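My questions all concern the structure below.
Each chain gets a letter, A, B, C, D, E and F, in the order it is written, and its residues are counted from 1.
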Amino acid sequence: MFDIATQLAVERLLARYVRCIDEDLLEEWPGFFTAECRYQIIARENYERNLPIGVFFANSRAMLQDRVTALRQANVYVAQRYRHLVSSTLLLDRRDDTVTAQSNFQVTRIMQDGATALFSTGRYLDQIVLAGPEPLFAEKLVICDSRRIDTLLAMPL
Amino acid sequence: MRDLNLAWPIEGVTRVPYELYAREDVYAEERRRIFMGATWSFLCLEAEIAAPGDYRATFVGDVPVIVARDLDGTLSAFENRCAHRGALICHKDRGNGARISCVYHSWTYDLRGNLTAVPFQHGVNGKGGMPEDFRREDHKRRSLRVESLAGIVFGTFAAETPPLATYLGPEIAARVKRVLPRPIKVLGTSSQILPNNWKLYIENVKDPYHASLLHTFFTTFRVNRLSARGGIVIDDSGGHHVSFSMMATDRASADYDQADIRSRQEGFRLADPSILAGRDEFGDGITLQILSIFPSFIVQQIQNCLCVRQVVPRGIAETELIWTYYGFADDDAEIASMRLKQSNLVGPGGYVSMEDGAVGSLVQRGIVGAGRDSEVIEMGGREFKSQETRATESPLRGFWSAYRTHMRL
Amino acid sequence: MFDIATQLAVERLLARYVRCIDEDLLEEWPGFFTAECRYQIIARENYERNLPIGVFFANSRAMLQDRVTALRQANVYVAQRYRHLVSSTLLLDRRDDTVTAQSNFQVTRIMQDGATALFSTGRYLDQIVLAGPEPLFAEKLVICDSRRIDTLLAMPL
Amino acid sequence: MRDLNLAWPIEGVTRVPYELYAREDVYAEERRRIFMGATWSFLCLEAEIAAPGDYRATFVGDVPVIVARDLDGTLSAFENRCAHRGALICHKDRGNGARISCVYHSWTYDLRGNLTAVPFQHGVNGKGGMPEDFRREDHKRRSLRVESLAGIVFGTFAAETPPLATYLGPEIAARVKRVLPRPIKVLGTSSQILPNNWKLYIENVKDPYHASLLHTFFTTFRVNRLSARGGIVIDDSGGHHVSFSMMATDRASADYDQADIRSRQEGFRLADPSILAGRDEFGDGITLQILSIFPSFIVQQIQNCLCVRQVVPRGIAETELIWTYYGFADDDAEIASMRLKQSNLVGPGGYVSMEDGAVGSLVQRGIVGAGRDSEVIEMGGREFKSQETRATESPLRGFWSAYRTHMRL
Amino acid sequence: MFDIATQLAVERLLARYVRCIDEDLLEEWPGFFTAECRYQIIARENYERNLPIGVFFANSRAMLQDRVTALRQANVYVAQRYRHLVSSTLLLDRRDDTVTAQSNFQVTRIMQDGATALFSTGRYLDQIVLAGPEPLFAEKLVICDSRRIDTLLAMPL
Amino acid sequence: MRDLNLAWPIEGVTRVPYELYAREDVYAEERRRIFMGATWSFLCLEAEIAAPGDYRATFVGDVPVIVARDLDGTLSAFENRCAHRGALICHKDRGNGARISCVYHSWTYDLRGNLTAVPFQHGVNGKGGMPEDFRREDHKRRSLRVESLAGIVFGTFAAETPPLATYLGPEIAARVKRVLPRPIKVLGTSSQILPNNWKLYIENVKDPYHASLLHTFFTTFRVNRLSARGGIVIDDSGGHHVSFSMMATDRASADYDQADIRSRQEGFRLADPSILAGRDEFGDGITLQILSIFPSFIVQQIQNCLCVRQVVPRGIAETELIWTYYGFADDDAEIASMRLKQSNLVGPGGYVSMEDGAVGSLVQRGIVGAGRDSEVIEMGGREFKSQETRATESPLRGFWSAYRTHMRL
């Protein structure tokens, strides 16, 4: 069930996903999701208490596209970049061509002036569809360990 | 009492000295005169301590406080500092029980802050223990007067603070009740650490002027205009305010189109407009209501996204902003989904709020070397009064007027 | 010797191990070790000078169980969680069905109020027994780079 | 000398103002009057500088100091600040040699702090160099008086400090020697960064009252009771103390069983009790001895786990606590294993010590907004004297009495 | 093209590389490069603006050896160690036996007294030659996210 | 104006009190009297704002400033703080345009700091807006006087500051022009966060004495000697200096060989000496020139590696050091490669500069507990004057003399 090829396919998807964000290729970001996807950034505190509202929610790829458009065209924030570290990717379950995977992540934020700080840690809880040329996220839950966000959250995690 | 030796500019509330954001002694005085003074602070939502015996650790300014619902249902609050040697009595975020014990030596309190048990008070095997004349009653925790309005629990340390209704005035109270007409439930919490003085965030909240200029989401996607109908309400003290508008009733405006630079981009449309689908749940067409209560509490309605914001100072240049989203106990699935999607508009990463997290730090960084320089707050005139326009900074002048009164500046 | 299957089996063991701690499933933690195991948390400074005493030592799975019981029943500490990042897992040696592996780790600690801070970095030096249904740690040395512990160390690393 | 303008409560040492933990000026005065004043501070163990030429960088309070064993075996110590332009003379943790050179310009010192070489003192090719009247002798580093007791090296900056034996008094000195009867070896080191004022940790160490209430490991696993036989010894100055007990002699106690809330869980047993296997290595049945020397040093025996703790202030709200575990040069394999296993009881993650790392920060956080409020330290009476019970805070009153004397408060 | 064996060979090379630095085996460090290599540490800010000068540059293995000699024999700095975390290694391209790979990295620095701090984050952009017994770096670009260096940079990243 | 109540040692500039590196009030006074006083600060290189409309955010001391090239090519600079409510007008590192808008409320400025637009100044639909008597002209940003020397842009806040040429004196100015004879291009930037007071880094830069003693790269690889021919130039104010040498002309020196301890290792050779391949591009044989301009700017030539260093205070114990490497617009490939390889000598990880990043923090840590103690700066005598030797601290005495003048100490 947890074959090596699947493990590496999932790890590669995650590697491509974080590169897309860290190298500021946000326009490609929605393309990592299925059209009918679910993406949410939520603090563990809310997630464990079954409270629905977190920091960002989308239930369509179009909403992710709107996020990118807003960041590029509408929202104002001091220039910044992320650096993701992802580790300990675990395949938890598999149904047909959909795999459930969990990974630990850490995001460091680097401001334009060089100020660098640990920005967020947590885990990805992903539903990944393996059919098709490249694997896609049908669901991506970004469960942050802390409810705190330093200053603001603009780019996706 | 320390003298701040701070001369307010003769222009009055249209000038605010930048040193108010950078001085440790000012910060300490604010704790004493404002947060522990004759003001009402948000403690929690009743929904968070719904059951008898529920309690929460919260803050009044940066002072740790416990707020609780006693077994008989009455609300109470007292300082979260042990009578013995000063440890936080409650180091947990929340709990339930008839008693709270400090972990250090298990001194135990009831939910009114009465000291009910002192281990080994009478010694062990006849040795040690507290002196004969030690009375637990002498060590009751300093309690706060508590009042609840429409499910929001407020507390004050000062005896001289007027009743909450008097403090708020009828208009503000009515606007609070408007968005809390029936039992609520908490839908989520998040917080922001703002690298700036707490008053810079309060200024931002009370500032209708920046809305369409800083937040261009609505204009970029052609949803809103500053010229939407609405207005500003300010109470007599100046400390509280309401800013509201009706998005539907948008009209073009020459002044507007000339004015704004950044929000004039055109041609963008939401790929998924479902985020804007809303309901006129209060039946008055008001789609946005921002309400602030002096010194540091905000109630907000943006369409169907409802939340309260608690502002917790963490030092002269750090502030925690805590967002608590709520809905109503009887929410149906459709409105639940609307609240969830519209929550993307606000919070630490909200489409029309994320900028607010940054501007405070731009000011905090901008005032280095400002010396005795001060802000210029003249948009909409030089007094503070309710107005029909959002092209005003009237609520800021109101805030600074109330601030000066409490700080005796 | 360093075949792909072994590499991934070791990485998967480490992923399950850190998930157990990070998701607060401490009761399962002793189960990652053999009955006659050795587990120690020790600062590099002591390790390199061959000083025996570190922060925690166990030479039986039962001692690990006692640690969990103590944390759950006896010890008091402000609610906190860890987030592990593990990387650069290297198979160093193999004798029969026992593999020696080293990994770099970092643990971030998240307090109940959301305060997040880098808590510990270092390397795992593991003796892993591959026989049996799941690999187990016969020995796990947690060599911390710093002798300093912020406030206290309650949960295992 | 600055005036702290700090009025001690009329109740005396049963009341300690919380501002002592939060004021920068108090911290600076403590450095001057206590750590650099008429007190003895731990510098290192002789075993750490066993060989001629060995030296270590250490701290007296937060002041960097070098302690060394000269080539002739004598111990010395001097401030770790270069006479030239103030760099740390020794930036390494430890070293060996007849001389120590500052890396900046290689000014070189012997192990007594004498300046022995100044590069280019007489110039290069007849140019530059120090003035004719420059004398290296004028720049000897300020040295500390050093005394060693049972292998522990102490130092003091002040001329007026009494001899160590006088400072400690016979009873404390004897208790130190008790756990250091013969040559030792270091078994390990670790440290904790405590987010609180140094005095809050000292209070914790001197507080027999919290032991069974905060640390419930022994009671949870049914190993110990506060009512175990033991007692408290305090020297005449009040600054030093010993708390000891004999675990074996446990007796039930009604007072006890009523008192404690948290430690009444039952039914737990150690799956591997080998951690408790010990030896009465000092032949007196005492299984626990905590000894503190004013201002900031602790020697501890818990069964066969022996260690010293150095408390290093790092600011008003940060303290480093350095644990050094030791055994004896002639330890056999069995006792070595006992010390290793019992080390799980103490240190940053110890079963009966980890809570001590947290309570100080609970106090530091609890006293925000405390203003002129103060601690209540009345367990066991209002004076400080040796007692047979551990239901007392006598050693704390002793500490504050000594503190007031040194601080002139 | 992106076969599992190559992915793991590259990950193993990176694991050995960071172990060499973190365990202070600097003398072995030049051996991870080809004789005619290129190694540079440069801030993203300079890299993206095509400015040539960064923090360290070498275009021969000999220059790397000189760096080690200097650190060991000439340069003075307070004792310190690094801990690397490497993640999201992506094979981007392959020509004959040379693979282009990108990885995210984070370096934590631990001072002798135990002070631990996030030191640098960024990405490795590597040209790796697979011919020969062990893979070697023909080029290694260390692109730091921040232009800021805390105190000084002595050991390689 | 605050009184620092700081008594300078009677010995004068050969003694520098350590408290100057540790007092907040001293730091604040330095901002006022030195950085915003009668001094010239580096703003940027002309090459960084080469095109009309180019602007950069920079700092004078720690005060945010915008420096720009107006559309007509003239250079200007003004404080980077919005006239409205104090936000940074420019939060970007650099930009281009005729106008700069503050993001908060879009108040807009031209490149001279004139306030050119205030959104809704006249209200919206006849409501709100600024008072009738509000004049944008009254809110021009405080501008700096700007002068450019050899492509380096300097600015000053103070009217009384003499012209740049007078401020520098002919000799310093000539030495600046020497390394900037024709159009340059920027080759790279990096920065260091130094955990020490800014003056400790300036002392280091002005200190020829430490060069061969602290930096042993050249001696270890047998490339250089302190005895290489060179000298020190100091201007009349003492605040500026040049240290230069000619590496080729190395001669053995008994004094030298005796003096240095650390740099006497032998037998090492560069495996790849190409790093040292250089060109005498200025035709005078000078291979090293370090030039400092009071208070906080450095121009450096080491062989063909050219750069400027801006020192930005970030608090009493933190300093940012910004390195900008440059070459000439007409560089050929060979010299480009030389500059690249030689850049390994300097910067945050440079072979002969990395130690400078550490010594400041060794001093900052060394002076804890120093009380009223002070540095001893007597190498090369007790005055400051130009000298032919590098066995001197003359430039430091010059710096402190200028410092005392500006600080009135």
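Here are some notes:
Simple rule for what comes next: a contact is a pair of C-beta atoms (placed from the backbone, for glycine too) under 8 Å apart; a residue touches a chain by one contact, two chains touch by 3 or more.
On a predicted model such as this, the values are computed, not experimentally measured, just so you know.
Chain pairs E-F and D-E differ in how many C-beta pairs they share in contact, with the greater number at E-F.
Among the other chains, the CA centroid farthest from that of chain E is the one of B.
Once the centre of each chain is set as its mean CA position, chain A and chain E turn out to be 27 Å apart. A separation of 43 Å divides the Cα centre of chain A from that of chain F. Look at where the CA atoms of chain B average out and do the same for chain E: the two points lie 48 Å apart.
Each of the following residues of chain A touches two or more other chains: 4, 43, 76, 78, 85, 87, 106, 113-114, 118, 147-148. Across the assembly, chain D contributes residues 91, 103, 191, 214, 262, 355, 362 that each touch 2 or more other chains. Every pair of chains meeting the contact definition is listed here: A-B, A-C, A-E, A-F, B-C, B-D, B-F, C-D, C-E, D-E, D-F, E-F. Note for the complex: chain B touches chain D at residues 31-32, 35-36, 60-64, 79-89, 91, 101, 103-106, 108, 117, 119-120, 122-125, 127-131, 134, 139.
Only residues 186-195, 214, 216-217, 219-221, 262, 265, 268, 270-272, 274-275, 320, 325, 336, 339-341, 343-344, 347-349, 351, 354-355, 357-358, 361-362 of chain D touch chain C when the two sit together in their complex.
Across the complex, chain C meets chain D through its residues 41-43, 45-46, 51-60, 62-63, 65-66, 69-70, 73-78, 147-154.
Considering their complex, residues 91-93, 103, 191 of chain D touch chain E.
Residues 18, 203, 209-210, 213-214, 226-227, 253, 255-256, 259-262, 355, 359, 362-363, 365-371, 373, 375-382, 387-392 of chain F are the ones that touch chain D when the two sit in their complex.
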